[in-house]
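These are the structures, in C-alpha cells.
Presented sequentially are two complexes of chain A, the first with chain B as partner and the second with chain C.
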Partner chain A sequence: MDRKLRVAVHKFSSCDGCQLAFLNAGEELVELFELANVVHFAEAGIVDPDARADLAFIEGSISTHEEQERIRRVRENTRFLVPIGACATSGCLQALRNQADAARWFADVYSDPSKIDHLDTATPIAANVSVDLELWGCPVNTRQVMATVSSLLLGAPPREDKEKLCMECKRKNIVCVMVTQGQHCMGPVTRTGCGVLCPGIGRDCYGCYGPAENINGDAWGRWLEQKGMPAERIARRFRYIHSEAEAFREAGRRWREKS
Partner chain B sequence: MAEPSHYLPRSEFPRLLSVLASAGYRCVGPRVRDGAVVYEPISGVEDLPKGVHDRQVPGQYQLEQTAEPRFFAWANGPQALRPLTFAGRDKLWSAERKPDGSIDFKSDPPEAEPVAVIGARACDLAALYVYDRHFMQSAYPDPWYTARRQKLFLIAVHCTHPSLNCFCASTGDGPRASYGYDLALSELDDGFLIEARSEKGERILAALPVREASAEQIETADREIEDAGRRQVKGLPSRNLKDVLFARLDHPRWNEVAQRCLSCTNCTLVCPTCFCHSENDVASLDGSRSEHYREWDSCFTQRHSYIHGITIRPDTRTRYRQWLTHKVGSWHDQFGRSGCVGCGRCITWCPVGIDITEELAAICR
Partner chain C sequence: MNERREIRIDVPVLARVEGEGALDLHIRDGRIENLKFRIGEPPRLFEKFLEGREAFEVPDMVARICGICPVAYQMSAVQALESLFGWRSTPWIEAMRRAMYCGEWIQSHSLHIHLLAAPDFFGFTSAPEMARDYPDEVRRGLRLQSLGNELIRLFGARSVHPVGVRVGGFHCAPPKDRVARLVDRLRAALPDAENLVAWTASIDLPKDQQDFVSVALKHASEYPLYSGRIVSDTGLDIPVDRYEDHFKEHQEAHSTALYSLLEGRPYLVGPLARLNLNWDRLPEPVRSTLAKTGIPFPSRNVFHSMLARAVEIHLAVVEAIRLLENYEPDVPFVSGQTRAGSGFGCTEAPRGLLWHRYDVDENGKVLKARIVPPTSQNQARIAEDLHRSIEAFGLDHSDDELRLHGEKVIRNYDPCISCATHFLKLKVIRE
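Let's look at the complex of A and B:
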C-alpha cells in the first residue's frame, strides 16, 4: 500500500454508543491509529467532517434536515461507506416516530417545537445514500468493526453475520430458553453477532441485532400467540429497536393488522 | 462379550467414578443445568440427576424432580456425545507472517485427555457410529474428531424412560445399547447390572465390587428395556425412504411445512448425526496473524448452498427438503443406513415443534 487507509467515523442521530466499539478496543485502537490515518472521529477528538476517506463508519439515523445534507457530502467524500449499529441500519428507537404523528410527539415534548429541526421520519443511512456494507447491532461491538477494517486492509470482502442467533447458542451449548422456559426469545428471527449476550445469561433475545436472513415472522408470531400473547404485543416485539428493518417492519405490520 | 450378569449395588456406584478417575479418566456425565440434562464434567454421583424425569413434547422440554433413587430415569437432553467429539467451534490452524515475508503455518489438533462418558444412550451410540464413518473412516480422517474420539471411554445406560418424542425402537437403534460401548449399565432401584464389551471395559469392571446378578434382577432389567421400546408412541418407517422421497420433491407438504418452519437451524444442531460445518478466518488488525476456525453450520442457512454467486436453496421449502431428503434418503447411499437414530431431539428442540415423524408420514403416505 503506498499510503495509509484513511478512516472516518461519523455520527448522526444516535446515542454515541456504537463509537465505543472503537474507543473500548484497547490495544487494537492504538494499532488502528498506527495502521490507518483516522481523518475524522469527533468522539476521539479528531474533527474534520468533510475529510475524504477510503472507509467511513456511520453511526446514527437521518433525523434532521442538516443530517440529510451532511450524509450526502459524506457519501461523496467516501469510497467504502459502512453504517454501524441499529440507528444507521434501521433507524432504531427514534424511528418509532415513523409509525406515529411525529409533529404531535414534538409538541408534547418541547415547549416550542418550532425551534427543533427535525424530519417527520428517522431513516437508516441506506434509505438516503448508497452503502457498501452494514454492521448490525445495538450497539455494534469491537469484533465487528475491527474485523471490517482488517478485511478491507487485506483486500478481502468482510464476512457478513446474517445467520440466526440460535446457531451461536447451540455452538456454545446454551440451553434453549424458548423450549425449556417458554421465554419470548427472538433468537430464531435475529441475526447473530452479539455473542449470545442474553440467552447466555438465561434471558430471551429481544432482537437488538436486527433480522436474520430468511426469517419467518408469521410462524414465530404464531408461537407467541399460542403462548397467549396478544397480536398487538407481537407486533411491538418486531417494531421495537429495528422497527424500520424491512423484515421486522413487515412482520410487525401483519401482526398489527390482526390485532 | 461378557455375560451381563454382574450386579453393582447402588451404595457402591461411587466406586465406578473413583475407579475411572484412578484409571486416568475425566468423568463426563449427565447433570442438570438451566432446566435440562446436559453432559458436562462431574465430580461425584451427587452431580448426577437423581430422581429427575424429563417431559418432552414437540417444542417443549421440562424437568421434574422426584424423590426416586435413580440417576438415569430420563430420556435425553439437547446434546450428548456430539459436542464431545465434534466441537461447536475448533481452531484448525493459525498463520503468522514472519519478518522475512514468509508465512508460518501451525496446525495443532487438540491433545485430547481421556474422558469417560457415563450415560450414553443407544441412540447416541448409533449416532457416534455415523460420526465415526464420516470423520474417521473416510479417505481424509479428521484429526480433531479422531483425537477426542480415541480417548473416549463410553458407558452406556440402557434406556428405560423414553420421552414422548423418542422413536429409537422404530429405527432399530434402541432402547437397548447393543454396540459401541465399553461398559453398559441397566439401572435398577437398588443398583446396576453391568456388562463389559471391550478390554478397557473389562479392566474397569474387574476393579469394581460386583457380585453375580440374580435371575430376577436380569429379568427385571430386560423387562424395563423392552417396555421402554413398547411405550414409544412415535415411529419412522424402517425402510430406505430415498426413492419415495425423491419421487415426491414437489409434494405440497414441503410448502406447508415451510410455512411453519423458522429455519432457525435448531433441529440440525441438536441432531447427533448432522455434521455440517463452515470455516472462517479471524485475522489480526494488521494482517500479520490469522486464525482459521471450523464451526457448526446447517443446511438451513443461506451460506450453506451459496456457490459462486448463486444460492441454490434460497427458501425454507428447499432447505427443509434438503435436510429431510438427505437425512433419511440419500444418507443410505453415503453411510449404508438412515441418518435418523430416533432420539427425537429435532422434535423437542424445534421451538415450533415440527415433528419429523409426522412430516415423513404426510409426505410418504
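Let's look at the complex of A and C:
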C-alpha cells in the first residue's frame, strides 16, 4: 500500500464510551496512530470534521438537525462507514423518547425547548445514511474496533457475529442463571460479542449488545410469565438499551399490549 | 495605541474534551465583548426515561450518562436508593465500593492528564504525537490508565458500563486469587504514581491566582470518595439531602444553559476543590510525595488541577492496596423491601460532586429523578475563569494563541460534556 489507511472517529449523541475502545487501548492506541493516518478524532486531539477517510467509525445517534446534516457530509467523505455502539446502531436509551411524548419530555426538563436544537426522535446511523458494517454493543470493546481496522488493513471483509449470547455462554460452561435461578436473562435473544460478562458474574444479561438474529421474544417472555413475572416488566426488558432495534421494539410492544 | 482590533475566534469543535464543546470569543477595542463557552451536546433526557423504572434497572441505565465515569453514576444512584429503602450495607460492601471507585479515578485522571491535558503544556495537539518526544511519560500514563481499568473490571467485568454493581452491593465477590494478582500490580505501580506527581508538579504552568469557592465532600477520617458531608471553603457544611436548600440552578440572560450556583456564586468542584478541602485527609505516603513538590495546598491556581489529579491517582493506588491487601470474599449484597419516598446520593466523581435524587412510589418505581453532574456545576466557574484568564493572558496575543489559551483553560476543568445533562447549546449573538 503506497499510503496509510485514513481513519476517522466521529461523535454524535452519545456518552463517549465507545470512543474509549480506542482511548483505553493502551499500546494498541499508539500502534493505531503508527499504522493508520488518523484524520479526525476530536477527543484524541485531531480535529478535521470534513476530512476524507477510508474508514470512519461513528459513535452516537442522530438527535438534532445539525447532526442530520453532519452525518450526510461524513457519509460523502467516507469510503467505509462503521457505526459503533448502541447509540449508532439502534439509538440507545435516548431513543426511548421515540415511543413517548417527546415534546412533553423536553418541556418537563427545559423551560424553553424551542431554544434547543433537537429532534423528537433519536435514530441510528443506518436510518439516516447507508452504512457498510455495524459494530453492536453498549459499549463496543477494543477487540471489535481493532479487528475491523486490521481486516481493512489486510483487505479482508470484517466478520460480523449475530449469534445468540446463550450459545457462547454454553460453550464457556457457565451455569445458566435463567434455568437455575429464574433470573430474567436476555441471553437467548441477545447478540453475542461481549464475552458473556453478565452470566459470567452470576447475573442476567440485559441485552446491551442488541437482538441476535431470528429471536423469539414471545417464547422468551412466556417462560418468564410462567414463573410469575408481570408482562409489563417483561416489556421493560425489551424497552431498555436497544428499545428501537426492530426485534426488541416489536417484542416490547407485544408485551406492553398484554400488560 | 488607539488601534482598533476586532477579532472573532470561533472554535467550533473543542479537541480533547469528552463530548461536544465549543468556545466563541468576541473582542472589540481591547476588551472581551462577548465570550461563550458553548455546549453542543444534545440532551438525551435521562431523567425522563428513568421514570417508571424499578430500582434494579437504574444502575445500568445511569451508567450510560457517561462512558468515562459510569462507576460514579452507579455509586450515587445505589447510595440514594439504598438510603431511601433503609438497606444497611456492610463494611465489606462499602470498602469494595471505595476500591472500585479508586479504579475509576485512576483511569479517568490518567486519561485526562496524558491524553487530554498534557499535550497543551508541551505544544502538541495529541498524546500520540507527544509520545514521539515523551515516550516514557505517555507510556507511564497509559500503564496507569490500564491499571485503573483493570481495577474497575475486577468488580464490573468491563471498565466502560461495568455490570457488577447492583442496588444493595455487587452481583458477585471477586475471587481471591484475582484480587491478589491485582494487588501485586497496584504495588508495582506505586513508583509510577509517585513519579507522576513529581512530573506534573514540574510542568511549567501559568501562574494564575484566582478567587473561587471550592466545594467537595468531607468525610470524618478519609479522603472523600463514596461518602461524606458537602462542605465549602466558605463555611458550608451540610448533609447530602440538604443540597437543594443551598445550590440553585437558574437561567442566565441570553442563554438557555442552566447554571448552578452556591448561595448565588459560581463554585468549583473536582480534584482541585477536593484537595483544597481535604489535603489534611491524605494518608502517607501520598502526603509526603505531595510535600516534596513544594507546592502548598490549598491552592488558588486553577492550573494546579492537573497536579491534584496526579495526587489523587497516587492516593487511589495507595487506597486500593489498603482496601484489598487482606481481601476475603464476603456476601456481596444486601436486599430488602422497597418503599416510597425520596432518596439522596452524593459521591465524588472524578470531575467532582455528583448528586442524585430519586422519588420512588409504593410499587418501587421511579416517579422523578434529578441528577446534577459535576460539569454543569463547574459551568459558571469555567465561564468566569475564561473571561478573567484570557484578559490576564493579554488580548494582544494572536488569534491562535488566544484560542489555544482558551482551550487550555477549558480543558483544565476536564469538562465531561456528555455527563452534563443540563448543558445546552448557546446561541451566538452576531452583529
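Here are some notes:
Operating definition for what follows: the second predicted complex is superposed on the first by the 259 of 259 C-alpha atoms of A that agree within 3 Å, B and C clash if a C-alpha of one lies under 4 Å from a C-alpha of the other, contacts with A are read in each partner's own complex, and residues count from 1 in each chain.
One rule holds for everything that comes next: a residue touches a chain if its C-beta (ideal position, glycine included) is under 8 Å from a C-beta of that chain, and two chains touch if they have at least 3 such contacts.
Here the structure is a predicted model, which means the values were calculated and not measured.
Steric overlap between chain B and chain C is absent once the structures are superposed on chain A; the two fit side by side. In the superposition on chain A, contact is made by A:G202 with both chain B and chain C. Contacts of A:E163 after superposition on the shared chain: chain B is touched, whereas chain C is not. Judged by the touch definition given at the top, the superposed model places A:C138 against chain C, while chain B stays out of reach.
More residues of chain A are touched by C (comparison of chain B with chain C). Contacts of A:E213 after superposition on the shared chain: chain B is touched, whereas chain C is not.
Judged by the touch definition given at the top, the superposed model places A:S14 against chain C, while chain B stays out of reach. When the two complexes are laid over each other on chain A, the CA centres of chain B and chain C sit 110 degrees apart as seen from the CA centre of chain A, to the nearest 10. Of the two partner chains, chain B is the only one touched by A:Q181; chain C is not. Judged by the touch definition given at the top, the superposed model places A:S151 against chain B, while chain C stays out of reach. Contacts of A:A42 after superposition: chain C is touched, whereas chain B is not reached. The superposed arrangement places chain B and chain C with a least CA-CA distance of 11 Å.
Residues 202 of chain A lie at the contact with chain B in one complex and at the contact with chain C in the other. Against chain C, the residues of chain A that register as touching in their complex are 11, 13-21, 23-24, 26-27, 29-30, 33, 38, 42-47, 49, 63-64, 66-67, 92-94, 96-97, 100, 105-106, 108-112, 115-118, 122, 138-139, 141, 194, 197-198, 200-203, 206, 208, 233, 236, 240-241.
Chain A contributes residues 28, 31-32, 35, 146-147, 149-151, 153-154, 159, 162-164, 166-167, 170-176, 178-182, 185, 187-189, 202, 213-216, 218-220, 222-223 to its touches with chain B in the complex.
For chain B in complex with chain A, the residues that touch the partner chain are 33-36, 38, 59-62, 78-79, 83, 88-89, 259-266, 269-270, 280, 282-287, 295-298, 301-303, 314-316, 348-349, 351-352.
Every residue of chain C that touches chain A in the complex is listed here, in rising order: 13-20, 40-49, 53-54, 57, 60-61, 64-68, 70, 107, 111, 115-116, 119, 124-129, 131, 138-139, 142-143, 145-146, 149, 157-161, 163-164, 166, 171-172, 251, 256, 416, 418, 424-425, 427.
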